[in-house]
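Consider the two complexes below, in which chain A is the common component and chain B and chain C are the respective partners.
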Partner chain A sequence: MSYAKFLVKRILQGVFVVWGVVTVTFALRAAAPGDPVNLIVDPGASPELREQIRREVGLDQPLYVQYLEYLQGLVVGDLGFSYQSRRDVSIMIAERLPATLELAIAATIVAVVIAIPLGVVSATRRHEPADYGATLFSLVGISTPNFWLGIMLILVLSVQIGLFPVSGRPVSFTDAVVSLVTTGYAHDLVTWLRHIALPAITLGTYFTALITRLTRSGMLDELGKPYVTATEAKGLPGVLIRYKHVLRNTMIPIVTVLGLQLGTLIGGAVITEAVFNWPGLGSRLISAIYAVDWPLIQGIIIVIGVGFVCINILVDSIYAYLNPRVTDE
Partner chain B sequence: MSESTEALLRVEGLSTRFFTEQGQVNAVSDLDLRIDRGDVYGIVGESGSGKSVTARSIMDLIESPGEITSGEIWYRNGELAAAVEDDHGHAVDGSFVDLLEIPERVRRSLRGTSFSMIFQDPESSFNPSLTVGEQLAEAVEVQRRASANPRSTRARTRSEEYSLGSFVLSTMLPSKRYVSEESRERAISLLELVGIPDPVERADEYPHEYSGGMLQRAMIAQALAGEPDLLIADEPTTALDVTIQAQILDLLDELKRETGMTILLITHNLGVIARMCDRVGVMYAGEIVERGTLADVFDDHVHPYTHGLLGSIPDVERAGGRLEPIPGNVPSLLDREMGDRCRFADRCPKAMEDCLSHPPEVDAEGSDHHAVRCVLAERSYDESRALPDDYFGEPDRPAEAVDEPQSDDEPLPAERTQPTLEDAGGDGS
Partner chain C sequence: MISDRLKANLKREFDRSLMAKLGLAIAIVILLLATFAPILATHNPTTTGQFDEHGNSYPPWGVTHETHTWEDGDDGRERISYTAEPSPDHYLGTNNIGQDVFSRLLYGARTSLLVGLIGTGLAAAVGVPFGLISGYYGGRIDDSMMRIADVMLAFPSLVLAIALIGVFGRSEQFIPDPIVMAGFADGMPEYAVLPGTVTLVVALVNWVWFARVARGEAMSVRSEEYVKAARSLGANNRTILVKHVLPNSLTPIIVLATIQVAAIILLESALSYLGFSGTTLSWGYEIQQGQDYLATAWWIATVPGIGIVLAVISINLLGDWLRDSLDPNIGGEGGV
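Take a look at the complex of A and B:
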């Protein structure tokens, strides 16, 4: 099977998965107890007003019609209106999505940049102080709860030393880049970096620890394989054996985990967002759930689902590049 | 046969030990070996007899917890001798260099260019995620870079290792890649040399797209890339089908005749030895117990172990008859369990009281090269001095007959699960 064919197949599968997510969330909403109209109007509203709103929102239609209309809207990017704020759900999501993506990607970069070299050092200097240090770090990293780490970082680095701001996101990454390009000053970018540093470290620590462990154990596994001895026997320089051969093969399982983790970061950074008052999708989802704002909940879940699917397709295509046997099977 | 009797490699008193949790394992003990230029030297023995460890000791591929604890490996290379003489005079003797006395870096630089190796299982000996062509081209490139400088050996012994910085640069700039275009082309012609059809297309394929026999051909091509002085073939046919085995042996034979290279062939298969080798060493428990020309070992053998090995080969003419496997198993190589007796005594049908002390190697009848580590070389078997059957504790299992061995793959008794060594990579055996 060619690479293109493989990719097309994965994308079609992804569309199917997204459709499944839409259907399940729609079914959940339909099965949820209570009259949705109650969530929109005041409890004391007249029956006429209720009926009028029911018609306007389309809740008087049979369920399958509502479902088809929802799907129809989805195709053109219309996710409906929020019950609570009466605003367009797609706009409400679009406002928050960049912050979430910034944080998820920053946390992943922190993890990859720290974890992979650490894992490599740990595996190639097994049973040396560097290895013990890395192993200890990953053990501590995996067992430290996010909210505690976040608060401690704020306490020490922000409040006491004053190195980083306490919370918030005064400027978005795109604005910061635009300002750098138009004015030539990096001030906004520095502000953005200083604000995202602590949340990214907080969110990335567990991830860093996990990838360090995976890299170490994967590399040790790989180093024990016969092809490594054969590559040594042909006289290839050690650097090429370690990086071109061994690390590359070690990356195959790591890419999978990276993708899955990035997917969870999109929806699951709720605690970190709360601690740092970071205006992301996670905090909006939580408030939507409190308000039983179904269109918003549904919209956010679908966006997270689409994100997951996209990342998985990306991961699969990287995976196919790294491991030529995938496209063959 | 060899046109000269010039030694290429002289191994003297080599001991390689593994320091495991169970104790010290003497994988190779005080081993001497002389390989002449242009010869095919065969080492034969059961799994765990130390043949692979010997090969890996020569290649400098012994990994922790293993270690070469003593011995000398003299390699004839005038150029190398001249290059290291100034700094490491004690490691040079004429045009010979003691590989165990020169720095690790210099020794590593000999891999691929002076010595190369073919492994037992081709499928696990290639990296599954790089194309075969790329992997061959790497081997060519090693050689190309080594000989790029006219004073190549000297340059090699002093030059810097390929650094991490150069690797990072190479991932970004295609022009800085380690493997050059010329090497890729040479890799294709090597594939052609070993008889792989459509070499241009096959070079871009991955190892899993090759059959076992084709991949073993590719591995031979890879081993030839550096035009080595010595090719070590460690069980080159064990993992292959019988029909493919013959093709691979033919190929090795043909290449040997064309290039005149020297081969150290390691196998447990006496048929392979008989077909390929000029000289043979029979290994048992980390020692060469009998050595000599093919005729010495096959026709005039003295050691009861050699006799036993030959008796374990299925023979068409005796079909229906019974094989005579050697009773018992390979002995433990754990230092504390090895007594100071002949290591074969507990399995030997002709063990005598004299065998309770470790026999020295003595010359035997036959050619000048015939030597054996057995008291029977100097006196004949004397039943009155024989050791009682149960001398070594409970008698080992009797020589039960093996009815129909499936092939000549495993003519020898199975390995005992004990802390002996993993032999020859393990997977395929």
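Take a look at the complex of A and C:
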């Protein structure tokens, strides 16, 4: 199979999955108990008003018509209106998306920057204290619920020492950068960094632990291979061998696993946002669930599903590009 | 299914690995604490402060330790918290409404383990047949079944779980507590509480992992000689699936089930932290309660979290042990 054909097939699969996600969330909404009109008007409203609203929102239509209309709207980016705030769902999502992306990217950076050197050291100094330390850290890291870790960080670093603020996001990353460029003062950027530090560590720790484990085991597998002995025999310095050759070969399985774990990252972001009152998609999803605001719930889940599918397609196509044997299957 | 060779492997790995011993020891302790919670608990975990004629609560056990007052941000009314520090009366202190943290730790272990074990069982009961059928028949059946699994995997488990609870609503099932019924623990709750919706939802969210593993195993087993032999002897597909494919796929399914118990305990704690569980006797719920009192009573949120970490670590260690001894291909050294 050619690479282009592989890509087309993979994208078609992705479109199917997105359709599946849309359909499942629509079914969940249809199955949810209670009359949505009650969520839009107050319970004392007259029957006439209720009927009028039912008609305006389209809830009087048969379910399949509502479904087709929803699909139709979705194609042009119209996710409907929130029952609670009567605002455009797509706008409500767009205004919260940057905060979640900031958090997810910061957490990934934290994870990669700490985990890869840790994994390399752990693999090259096997059965030394550094290795035991890294192994213990990764065991605890994958076993700790991140919301509790976040609360413990708040307890020690915010409440006791006062090093970081307890919660919130007073300034966005883009505004902070704009302020740095226009005024020359880094004050906003520092504020942003101080606020994102604890959430990023909270969300990133599980991945730090996971990548440390993967790097260690991948490096151990690679270090045993003949080409390492050959390069050592040629007299290449150990550091160069480890970071340039061995680590590069270890990266492929790491990237694959990370693609699969993306759902964990998003789920983790939801709860991290709840802990730190971080104004992202996750905290909006949770308040939407409390308010039984189905158009908003549906919209957020679809956006998450689309993001997940896109990144997985990206990971798969990079993987197939690096490793042409994949497209043969 | 558990052959002598397997037993020997399990024993060898166990003798060799300090971590396996540690994992088993912690797991047994937690299991005992949870099972005998009514006997070991020092106080009824649900008994809160009582109210006097002014509507103020006072602690039920004569707590004399520091009390904290503060202005409530919402209504400006002053409230009194009878949070007690850890002491001989309350080994791990009390929470904001005067409940004993140690007793709630024990009862929280029950909830976590019940949801973890029952949820994993349900997930396997759905996922394993699904995966076996998909992998065994292959072709178009496999394609369409795996597309369903793809859709399931596109939902982050926590997000899907929250949405499902939004549909089903919260619920709790009451199971009579045999220890209290038999009269061994007077004054303790007569019923153990199982958050029903949460148990169902964690299974609905996690069955797909079982399906994937079972499918992979069925695919590799179906072209084996003994399956072909059974088929040529006239065995029908159902017999082959149940008698030959399933037993030979069990090893990785058991390893997965172990890890899933840990994953489900984490998911349950996250759901109850967010307030979506049916019961308040849960580690996650307790952590959420304690978050507001970090400055004055750190133990409320800290103690149940240590419970979760220990439970999940011990199960992960058991999972490592099982995998190292059941799967000779992965080996103990480099395996993740």
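Note that the second predicted complex is superposed on the first by the 289 of 329 C-alpha atoms of A that agree within 3 Å, B and C clash if a C-alpha of one lies under 4 Å from a C-alpha of the other, contacts with A are read in each partner's own complex, and residues count from 1 in each chain.
Everything that follows uses one rule, which is that contacts are C-beta pairs under 8 Å (C-beta built on N, C-alpha and C of every residue); 3 or more make two chains touch, one makes a residue touch a chain.
Bear in mind that the values here come from a model prediction, so they are computed numbers and not experimental data.
S.K.: Can A:G58 be said to touch chain B (first), chain C (second), both, or neither?
M.R.: In the superposition, A:G58 touches no partner, neither chain B nor chain C.
S.K.: Check the residue A:G133 against both partner chains and state whether it touches chain B (first), chain C (second), both, or neither.
M.R.: In the superposed model, A:G133 contacts neither chain B nor chain C.
S.K.: Touch check for A:F147: first (chain B), second (chain C), both, or neither?
M.R.: The answer is second: A:F147 touches chain C but not chain B.
S.K.: Just checking: does A:P117 make contact with chain B only, chain C only, both, or neither of them? Give me first, second, both or neither.
M.R.: A:P117: touches no partner chain.
S.K.: I'd like to know which partner A:G168 touches here: chain B for first, chain C for second, both or neither.
M.R.: neither
S.K.: Compare chain B and chain C by how many residues of chain A each one touches, and report the one with more.
M.R.: Here the partner covering more residues of chain A is C.
S.K.: For the complex, which residues does chain C have touching chain A?
M.R.: Against chain A, the touching part of chain C is residues 147-148, 150-151, 153-160, 162-167, 169, 262, 266, 269-270, 273-274, 276, 284, 287, 290-291, 294-295, 298, 301-302, 305, 308-309, 312-313, 316-317, 333-336.
S.K.: So in the complex, the part of chain A that touches chain B is made up of which residues?
M.R.: 225-227, 229-240, 243-245, 248-249, 252, 322-325, 328
S.K.: Spell out the part of chain B that touches chain A in their complex, as residue ranges.
M.R.: Touch residues, chain B against chain A: 59, 61, 108-113, 116-117, 119, 121, 124-131, 135, 138-139, 142-143, 146, 161-164, 166-167, 178, 206, 208-209, 219, 222-223, 225-226, 425, 427.
S.K.: Which bits of chain A are touching chain C when the two form their complex?
M.R.: Where chain A meets chain C, its residues are 13, 16-18, 20-21, 24-25, 28, 31-33, 139-140, 142-145, 147-148, 151-152, 154-155, 159, 213-214, 217, 220-221, 263-264, 266-268, 270-271, 274-275, 285-286, 289, 292, 297, 301, 304-305, 308-309.
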